[in-house]
Every structure is written in C-alpha cells, then in structure tokens.
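So that you can tell them apart, the chains are marked A, B and C in the order they are listed, and the count of residues begins at 1 in each.
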Amino acid sequence: MKKYTDIYDLENIPRTIQDTIQLKKNPHQYESLGKQKTLVMLFFNSSLRTRLSTEKAAKNLGMNVMILNINNAWNLEFEDGTLMNLTTSEHVKEAAQVLSQYADIIAIRAFPSLKDKQKDTSETILKSFEKYASVPIINMESSTAHPLQALTDAITIEEFKTTAQPKVVLSWAPHPKALPHAVANSFVKMMRTLNIDFSITHPKGYELDSEITQDTPINYNQKEALENADFVYVKNWSSYTDYGKILSQNTAWMLTKEKLGAAKCMHCLPVRRNVVIEDAVLDSTQSIVIPQANNRTYAAQIVLKKLLENL
Amino acid sequence: MKKYTDIYDLENIPRTIQDTIQLKKNPHQYESLGKQKTLVMLFFNSSLRTRLSTEKAAKNLGMNVMILNINNAWNLEFEDGTLMNLTTSEHVKEAAQVLSQYADIIAIRAFPSLKDKQKDTSETILKSFEKYASVPIINMESSTAHPLQALTDAITIEEFKTTAQPKVVLSWAPHPKALPHAVANSFVKMMRTLNIDFSITHPKGYELDSEITQDTPINYNQKEALENADFVYVKNWSSYTDYGKILSQNTAWMLTKEKLGAAKCMHCLPVRRNVVIEDAVLDSTQSIVIPQANNRTYAAQIVLKKLLENL
Amino acid sequence: MKKYTDIYDLENIPRTIQDTIQLKKNPHQYESLGKQKTLVMLFFNSSLRTRLSTEKAAKNLGMNVMILNINNAWNLEFEDGTLMNLTTSEHVKEAAQVLSQYADIIAIRAFPSLKDKQKDTSETILKSFEKYASVPIINMESSTAHPLQALTDAITIEEFKTTAQPKVVLSWAPHPKALPHAVANSFVKMMRTLNIDFSITHPKGYELDSEITQDTPINYNQKEALENADFVYVKNWSSYTDYGKILSQNTAWMLTKEKLGAAKCMHCLPVRRNVVIEDAVLDSTQSIVIPQANNRTYAAQIVLKKLLENL
C-alpha cells in the first residue's frame, strides 16, 4: 500500500479487517516497526478522536509524531502560476516537498467548505499533497472521504455481528448544523465491498453522490428501512444535490429505542444526544459507539503498519 | 491509589513525601514503569508549569503523553437529558468513555468561573470525568483544589525545614485580578495533615471555606502573624464569602523583606513582582520559589507512579 | 559550545560543516546522546520549518521535546524593578529559572516588532533568557539573527559547490510585507567566515547593518551583481536605516531564470512565487531550496549534539 486516501487503497479489505482484529490483541507487537520513522499530522481543521487515536496508533508502532495545526499564520497557495502578492505565503509545491523530508508519512485533515461543490469535490488540499509529496499520504477526513472511519466501522461490524450476512442500514438523522458527506460516503463505499445486506434511509433530497451509492437500495421510510436491522449506523449530512443546505430538521428522524428494535447502534461521534440519537439508545447496551471509537486506534495502526512495511 | 483529585487520595502523606525525595535523587529509576502507557492531558485553561512538569514527569516514567487544549471547537455538554441542539456538540459521557480507551490516565485542568459559587464548588467538569471515565483522573487544578501544588509544597517544606515542627504561615497578598481559591485550599488541607505550627493571615472578608480551614488559627494582623515564621507561603485569592470579588488591593499586604524576617518565602508562581512579593524578597536566598517549582515535576511523578502501579 | 544564539558561537565553522555532512549520512548514530534529556521550544511567533526540523533533530538524538506556544495567556515582564500590576503576569527571571529546571536546553523564537529599532536590536527576549536561564539557549530566529538558517545555508553551499571558492550573491527581492533582517544578517555573517567570493545586491536604502556587512561589496545593479554567480541567495528584508519600512516593491528585482544564469538558487522559505522568485526558477533543477530546507534538520542536530556533549 502506497497511500490511504480512500478505502479502495486497501488491497484486500476482508484480510485487512482480520489483520486488525489480530493486531488489536497485542497492539505493541510491532513496536519496533516505526522506530526512527516520523508521522507528521497536518490539521486544517480541529480534531479530537482522529488526532488522539492516530497519534496513539503511531506510537504503538514506535513512530515519532509531530503535529501541525494549520491556521492563519500559514496560508497555503494551491493554484499554479499565481503571482503570490496577496494573502498566501507559501505554495503547496514547496510545503509538500519540504514536509516530505521531515516526515516518513504525512496525515492530513481538510474539511469541505460546503459552499462550493466543485471546489470541495476536487479535493484540492489532499490531492495537492498527494501530487507534490514524496511520502505516503493518509486521509484523516477530507471533503468527500473519511476512510479511517470506514475501516473502523467495518472492523466493528465484524466484531459484533452474530450472523454471517448482517443487515446494515445507514440512517440519516437531523442536526442543527450543515455537516459534510465524508463519513457517509466512505461508509457506503466500505459496506458495498462487504458481503452483507446494506441499505440507506433518508428524507427525499438527501441523496448522496450517486457515483458512490450506485445501486444501493434507498428507502425514504425510516421505520420500514430499519425493520429487522442488525446494525443501524446513524449520521447526519447536509444535502448533496442542493449542496451544503439543511433541507430538514424533522425530529421524527432521530433514532429512538423503538425504531432501533434489536439492532446495534453505531455512530462516528461526536453525537448530539436527543437530537441525532436519543438517550435511551446511547445509554443502552445496544449502543456500540464506545467500542467503535476504540477501533479508530487499530484502524489507524493497521494503515500505518502497511505503509511502513512499504517504505 | 485510584485517582488524585484531592490530597486526601494519598494514602500516607508523610510516606509519600519521603518517597518523592527518594525519587528525586534518580528520576529515571522507574523509566520502564510507564512503557506502553499513555497520559492524556486535557486543558480547559492554559498552563505553563503544570503542563511542562507533568509532561516531564510522565516521560521520566517512560509514558507517552498526548495533550488536548480544549477550545471552542469542542463544546462539551455536562447536563443529563439535554436536547443538544444548541452549542454543545458532545456529551461528557461519550468524551470520557472514549478518552479512557486512548489513555491509561487522564489529567484535567478546569478553572472556576468565579461568578457562580455553586457551579464552581460542584466541580462539574472534574466530577463528570471521574464519573464516566474508566481510568484514573488527576486534578491539574480545578475550581476548588490544586493537589499537585500542595504535594509540591509539602515536599519543599520537608526539604528546607531546619526544625522538626516549623511555623508555616499562609499569607494573603494583593493582586489586580480576581484569583481562584484552589491553591490556598489545597495548601491549607495539606498543612493541616502535617505535624507543624500552621496559621493563616488575611484581611477581613477573605476567609476561605470554613469546611477546609476548620480550626486553623486566622490572624487579621499580618505583621503579628508572620513573627518568627519559618515559612511564609504567599498567595492571593478573591473573596470566598463575597464570591469572586476583590475586596482589597491594600498594598500594605505585599510581602516585604522586613515582614519576612528570617523565614523562607514560598509561592506557587507566576508571581507579580512588587505587587504580591517585593523584589528584595524574590531576589534573596530566602526565596525558595524556584526549587519549589522544580518539585512540581517530582510531585507529579510520584502521583503518576502510584497510579501506574495500581493499573 | 555553551549556547547557539549567533553563528560566532560555533568554535570552528568549517569543521562544523564537515561534521554535519557526516552526521547527515546516518542521523541516528548518536540516538542515545540525548536520552533522558529534554528540549523545551518556546515560540513567541509561529513556525513551520524551524519547529519541525528542530523537533526532528532532537528526536534523532533521543531527546524528549516539549513545545510551548507563548500567547496572551502568558505575558512576560522583562524590565527590572517593575511594579507588575498591569498586564504582565510573570517576570522572565522566574520563567527562565523555572524552565531551566524542566529543560536541559531551551530554544527560543522571538521576532522583531519592526517598529522600534532600538528595542529590536537590544534582543530583550533572547538576552533575558540567556541571562537568567541556567541551561544552554538556542536562537530559533530572533530580531537580528537566524543562526540555524545560516548554518543550514553554509552546509548547502558546501554540498552543491563545484568550485573551491564559489561566487555567492545575496540578492534582495520585493515582497508585499515588511520582513525582518535576521536571515540576511546571519547569512552575511556566515558567508564572511567562508573563503568565497561574496557580495550583496539590493536597491539603495536597503543597506543592512554596516557592523554586519562591514567591507562586503554592495552592488545596486542586480543584473551586474549576479553575473557569473555560482549561488544566488534570494531574500526580502525591510529597510534597516528607515527602520521597518518598505521602500520599494519594484518587481524588476524578482529573481528570473534569465538573471540567474547558470547559478544555483537558494531561499530560506517560505517563498512567494512570481513575486520573490519566478516559477521558472523554482521549478527548475537550478533551485536547491528543497534540499536546503532538508539541511535545517541537520544544522539543528549538530548544534544540539554539541550542546549535549557540553552539558
């Protein structure tokens, strides 16, 4: 593996899931693999879980970690040929090449604006670093993808499933703010690689990118969609067609204990209680959001391990 | 020891003081104790000494350290049952449980507002993490307590005392800003456990929580109180009864060389020169504020050591 | 070596350059030298390259690194005898002494205001830490000097030179913001110690401190100055005589491929493309700005190594 910017970078997903479950049994078994190797984590947006779990994963492998929070002091230019006499002070060409000399792997978080669909979907920041860096790039959530989360989710389903081919439903839920599509996109991609019964439920107008969902069944009736589910993955996202807009705050779409039935409830966190998911779900044993968050460490660690082995 | 949120968590204070003095002679003697263990430090307020000394202490024990500065990007909810459709984006229930999976020990700094006495004294942040985290919690200064500082102070007195039962006086001093009671509270608690001559001096209206001071002698005449003292511990705090208010900026309460007599001068730092303590004291050999600050490292290290041994 | 605040702290510059080139061949050969030693990095101003390269250098030597970004929460007082009842909360006397107990080496970045020439040239922050700290100080760019950059530059010239005594020209270039003199100053000092053909070109009014440039040839005609150069070091700085002012934004001073001739182009980065240096230069093999930035790590590492050996 040469990079991890999308789940398709994984050469063998079922095998990777099994490898991660093995790794988790003794997270320190490869602690000399990353010796004398440095991970640089670049945050264009703030992070809690991703930062801590990825940093922990790197240290479990013996790596050094250096963290850069990008702020106004470092305005990067991404356009070619620009006369840089305004606000940008460094071109990504230099930045990526220089960082590649200090880092053995570069991990990047860069959220979408949710204002400019074309700009967001072009993934300028991530793709510029991919283009100019000479070391592997890890996507710690970009405009359109969150592949570390999706790998986490697949591992969690594997651990908690009680039937060979569980029914998994991705359910939209309301949220007061306009949120990105990255988590939902990567989750859909990942679920479509697994041999399971997968469907999506959301209000009309919340269709995700059809190039990602393809022929995944979509049901506009949440109650019907969730029937007999084994896993309900709850997530809000803003409209993709009416880009970045909040079309509905219909509280009826909140996940309740009643709608959950006997299924397990998953969420990438942070979650707004009693808006996205009700207390009765989150405080029950059917919620597996906490062990799911724990798997962030091991998803990051298996990715780092595979990249280190290929350096 | 299962946590260190208050000095009473120490099982045997005199023994802990002696253990720390031993540890200080060779701070690296337990450098494999914390191997593969992670300390997460959460700062709801900024920190210099506490951050560096605690980080250094953890690394002396071979621990990994991850630091999170909590800011507006991460608004935690502490109330139960809230419909989280406003500013808070994550409930402490999830935050504490998730962090407990990335950390073996969590250290927290969370200052009081000094506006709402009941809210401050309820120690919502610290107690919520205690309640929901599954790993030991260290208090790096909360609304009402600063137990790492108090342990530091006890160690410093033990090192510098020249009589078996020294006279120690906690003296209020003026300050242009309203300051918390945490340092004074924990110092009083700590001194009351030692077999020494301990008293407090401050202007009327600056009485600390009487449940903490209990029968400690209070003298409103600073000059009289300091007579024949061996140690004068200087500290400003705002009024506790007229909560958070500055009742006096009387410069006559500044500690001077004359009032200090032959005593040693202590302060937790940072100290405003010529407001709290005059230059002539701080620049003299009677000031032990610098070696006192050095003991912050070893106080943190003995606490981490005891917690690691109980994991 | 007891500190590194100016290039003259290096006892033998040619030998240091050769030592660094040796070190670079195996950066991990001294990885136990810094064991149990701590570098504290204090940033009064933001940093990308300096922070990452110095942190990496320290870790290559096995050191622990603790980073403090100084902000409004920590207002230091530098004047003696001040009555500190206003904004400053801690005197550098205490700060430097306390940090010296947590750190084995302290590295400091503190830029000039470019408003007050006397204040800037007095180097208050750096010199105060030098005065009160009891551990070695490293200058990570102060008002008037950037000696880590200058050592980097000398190493880079040594690596890329094809004649024994290359012609090196420091060329001013336009920039939309008023920039400090530190990089230019230290570069001039360093070049003057080498057995090379060194000169400076800039518009009238941009003369650097004559105590630094001394008898270095200055040519106001850039084209003429660059003829037959082996290395052109491009850098903007604001006026030193009309302190901190931008006297010219004359785009004719931008470095072009034509003016560069057959020379190598150097710059400390970040560089504004098509303002300071044109794309055609930066995208050509004559630009050595990327390997130059890589040498930041080894310049920092040789300095740390020499300081560690003298602890």
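Descriptive notes on the structure:
The criterion applied here is as follows: a residue touches a chain if its C-beta (ideal position, glycine included) is under 8 Å from a C-beta of that chain, and two chains touch if they have at least 3 such contacts.
In this text the structure is predicted, and so the values were computed from the model without any measurement.
A rotation of 120 degrees, rounded to the nearest 5, superposes the Cα atoms of chain A on chain B. Different-residue interface: chain A and chain C share under half of the residue numbers found at their contact. Here the CA centre of chain A is 40 Å from the CA centre of chain C. Of all residues in chain C, none touches two or more other chains. Residue ranges on chain B touching chain C, taken from their complex, read 28, 31, 46, 48-49, 51-53, 55-56, 59-60, 176, 269-275, 279, 282-283, 289-290, 293-294, 297.
By the touch criterion stated above, chain A contacts chain C in their complex at residues 36, 38, 40, 64, 66, 68, 71, 73-74, 77, 81-86, 88-91, 93-95, 97-99, 101-102.
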